[in-house]
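The same chain A turns up in both complexes below, where it pairs with chain B and then with chain C.
Right after this comes the complex of A and B.
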């Protein structure tokens, strides 16, 4: 593995996830978050070289709606800016790539959007091909159920196993004040909730939420000045799979497995169990099990701790959920995780996904020490 | 089997239906409410004092909060304009007509406005214009409350007074 440039996460701010913010438009939600992340780093906007935003114009209902976020990110004098129709974690990847190329040292990475203003299930239906899949009304819940069925058939996992995963997330999530759901839950309680789409019960699925998030990335030399405990990027990899659901084995995630192998190799992480924390963008309990298999994690083991934040089941602001996983990893490794702090955490895995049934996967390995010297 | 069909199904119809339910947010709610009373509100940048209409929560220019709401005039200066000679979707106006930027007195950025009661050849930069409101009792608190702007007949404003507010 060649020497790469040491890049760190030096700041993270998010709004607590809510079902619907009745008082603020998306840019008014984003502005205080950007201000807070900059203030936490002790810098003004002029200290940032590059900005990347993740959101979806379909949710916003306006072509080029993302441009309005420029008003809230301090874009004057004119800045270098990029928008991705992707989760904020993928935006962080682009910022990291730009830093590897050497054309910026610092970056602002935001996620924004009000999912309550549109109809996410209708919108995400349009991600599928228009001839066969979108046309029959598949949405992320029904494709997630197909995926869960496939996984259960292959492994023999039961409804109770799914409930146990969901309950662990919910119970951990009660310690995270930024979550939309704050109540701990037992598997028995969750198993009493009705089917959303069998074999997924309503209580196994995230509520729809909205938020605003801001990560700040900085390269070595600047990172140490912006944060007392920068969290260094040790490895990362991003893989996309084919769109057609029937063209891949939904019970596995080949893309997540390959991304993990490459990211671990870059990071010098010999096994996932050498990490202390893993934050996964698992939108159903079955997806968490599929990801655990792909990433080499033990979902019932003690190390790494999976989703100490409560995971997406406790809050899923679309286009921000993956960015929050990265932010949570930053909080854990920089000692900012409050009541959910994993004691002595030094290395973390953060995972983001996009698309139906884990179509795209992005894996990060982060550490409290620099990767390359 | 291996030849493309001569009379194949060449198209499918795919109707996308996506409903939206926007909130105005606290700033624009007050702005829209004020239109019912024939008042136009802007927000003032806490750093530079510039006034934005419609109100914004922060200045895109200075990055400082702009939370103080101030009233601006319902009249101002036509700063730049164009003459529309083609029908526009959703509008049944007699063409040609003038569409313009208007810098309201007291505002530091201009708003888009329809100009009526004005021959296109008479429109010019610096021309003073005023809002024509819907009658009392008919205003709903939306942008249709201002029907259009029209010339006031006052002397033209000097270019220096609006050149930074185009």
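Right after this comes the complex of A and C.
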């Protein structure tokens, strides 16, 4: 491994997740979180070397939605810039790579887009192979149900087990004011909800929501000046898998497992259970179990505590959900997590995913202390 | 950049209006297979894959890199998807360069494609902005006023766009991969229908199916390759906001800033003298004169004179777009990477019939959005 720089997350802002922000376009939603994240770091836009935006054209229902985001990120005078058609967490990964290349010391990473402009389940159907899989009408709920079935068949996990996980997330999520769902729930309540697609019940799934997010990253030397408690990146890696649903074992996530192994190795994390918090982009309770297995976590969610934020089941703004996991890890390790603070949290795992059935996975290990001296 | 980065393999497809003989993965694989063969590598040698393309609406597949992951050998590898409008091919290659420069990756496969025959580019490139009546005129309708403003500002005569179009076709005739290879005359262009005043039919890029892939590698990895690489001396991408009062759309500040950044890093103080050839993003003929000024090859208002004097032709002082450029082949998402890849081929001495003699230093350039996104690199035959 090459000599790596210490890079930290020094700021994070998000809008509370809502089903639809009636009064603002995506650009207008983004502007206040950029301002807030910069203000929290005590800097103006000129102090930031690089910006990376994450969004997807289809969610905005038009090409080039990200071009408008340039107005919200203060792109005048011209800025060094990139846009990834990906979740904001992947944008943060690229900002980190760029800092490792020595090409910047500070970066603004935004996620934006209004999923209420269209029908996300129909849009995400279009992610599938257009020749063989999209045409049969699969959407993320039906592919998630196939994945849950595969996992349940392999492990013997039951509907009650899924309900228990969903209820734990919902109960934790009631303490997070940025969530779309704030009501704690019991497994029994959730098990009364109808099938969305069997074996997934409607109450096990995230509501469709929208938000805007801004992360600020800074390398050692700058980070300490921008944040009282910078949260340092100890290790990170991401892996894709082939898409074909019949071409991979849906009951496992080989990509998440490999990314975790490499991120832990970079971080010097000998066991995932040494981390205090894990924030996972699990879009169904079955995905949480698959990820716990891949990442080596205790599936009970006791240590590390899994999704103290409530996780995506309590709010899933597409293209931002992974970035929010990274932001939540920052909040936990910098003592900014309010009523959901895990006491004494020093190390966290954050996970982002994209695509049907965990096709792309990104794993971070973060710590309250610097990784390299 | 923390360490040197080189281009060790380039592969592109035969570009055409409709590649009905291949699926989207088939088209992309044609470029990938050629790039790997060129680099003397196999999929197992690749550490990461960076894919770029323009709006997903062009093919009607959302995040097509996910469906292509298997076809491009990205299974269990890092895969990133870039989208910066028309500049995307160039910014995608630069993203790959950063990955290698970081020391984290030794060989990165970077791919850009568009299969425009799958959809309707005119519709897909007509954004419907909130509170703004849609233009529904595609990119040509959007950029025509920029060209008209250039003509008004500089007093540029009416044959400059046509001269550019004729030269692009003359060059494309030497490029076996180009989509439009039939030579045209000045009269052909002048007599072709006016689409969006001042842009005529033959001053407009085609709509193409096409892809390009490159392998970028560390110095150590490059030395193991079968041939002389192209060294990346510098690469930057800049963007500027849309709604800035006084923003100069004819010669955007982001373009000037980006050009200065790549020249400074590469040690270029006089681009007209020190750059041997340039592949620049000219989707509508008038942009060639505009970018010559924006890129600092001449003074403001002088760009059209370079074209009138013929100094941009193959064999002249500064051959521009010896491949034929975007006016000859425009698979939108790939067009920017084609500029960078063609610049690399020139300094590797492997551009074939359109090789610029003794080219040592070349510029690759692309732009996108409302002339807001710029991405460029300088490549050289010497480290």
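In this text, the second predicted complex is superposed on the first by the 370 of 373 C-alpha atoms of A that agree within 3 Å, B and C clash if a C-alpha of one lies under 4 Å from a C-alpha of the other, contacts with A are read in each partner's own complex, and residues count from 1 in each chain.
We adopt the following convention: a residue touches a chain if its C-beta (ideal position, glycine included) is under 8 Å from a C-beta of that chain, and two chains touch if they have at least 3 such contacts.
Keep in mind the model is a prediction, meaning the values are calculated, not measured.
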{"item": "Which of chain B and chain C A:189 touches, first, second, both or neither", "value": "neither"}
{"item": "Which superposed partner A:242 touches (first chain B, second chain C, both, neither)", "value": "second"}
{"item": "Partner chain in contact with A:118 - chain B first, chain C second, else both or neither", "value": "first"}
{"item": "Partner chain in contact with A:86 - chain B first, chain C second, else both or neither", "value": "second"}
{"item": "Partner chain(s) touched by A:126 [first = chain B, second = chain C, both, neither]", "value": "both"}
{"item": "First (chain B), second (chain C), both or neither touched by A:23", "value": "first"}
{"item": "First (chain B), second (chain C), both or neither touched by A:274", "value": "neither"}
{"item": "Superposed model, chain A: greater residue contact from chain B or chain C", "value": "C"}
{"item": "Which of chain B and chain C A:40 touches, first, second, both or neither", "value": "neither"}
{"item": "Partner chain in contact with A:70 - chain B first, chain C second, else both or neither", "value": "both"}
{"item": "Overlap of the chain B and chain C footprints on chain A, listed as residue numbers", "value": "25, 58, 61, 70-71, 74-76, 123, 126, 130-131, 134"}
{"item": "Of chain A, residues touching chain B in the complex", "value": "20-25, 27-28, 31, 45, 58, 61, 70-72, 74-76, 114, 116-119, 122-123, 126, 130-131, 134-135"}
{"item": "Residue ranges of chain C in contact with chain A within the complex", "value": "1-2, 23-24, 49, 54-57, 59-63, 65-67, 69-70, 74-85, 91, 95, 98-99, 101-104, 124-125, 127-130, 236-244, 247, 252-254, 257-258, 369-370, 372-374"}
{"item": "Touch list for chain B against partner chain A, complex", "value": "12, 14, 16-28, 56-58, 60-63"}
{"item": "Residue numbers on chain A that touch chain C, as the complex places them", "value": "1-3, 25, 56-58, 61-64, 66-68, 70-71, 74-86, 90, 93-94, 97-98, 100-103, 123-124, 126-131, 134, 237-244, 247, 254-255, 258, 354-356, 359-360"}
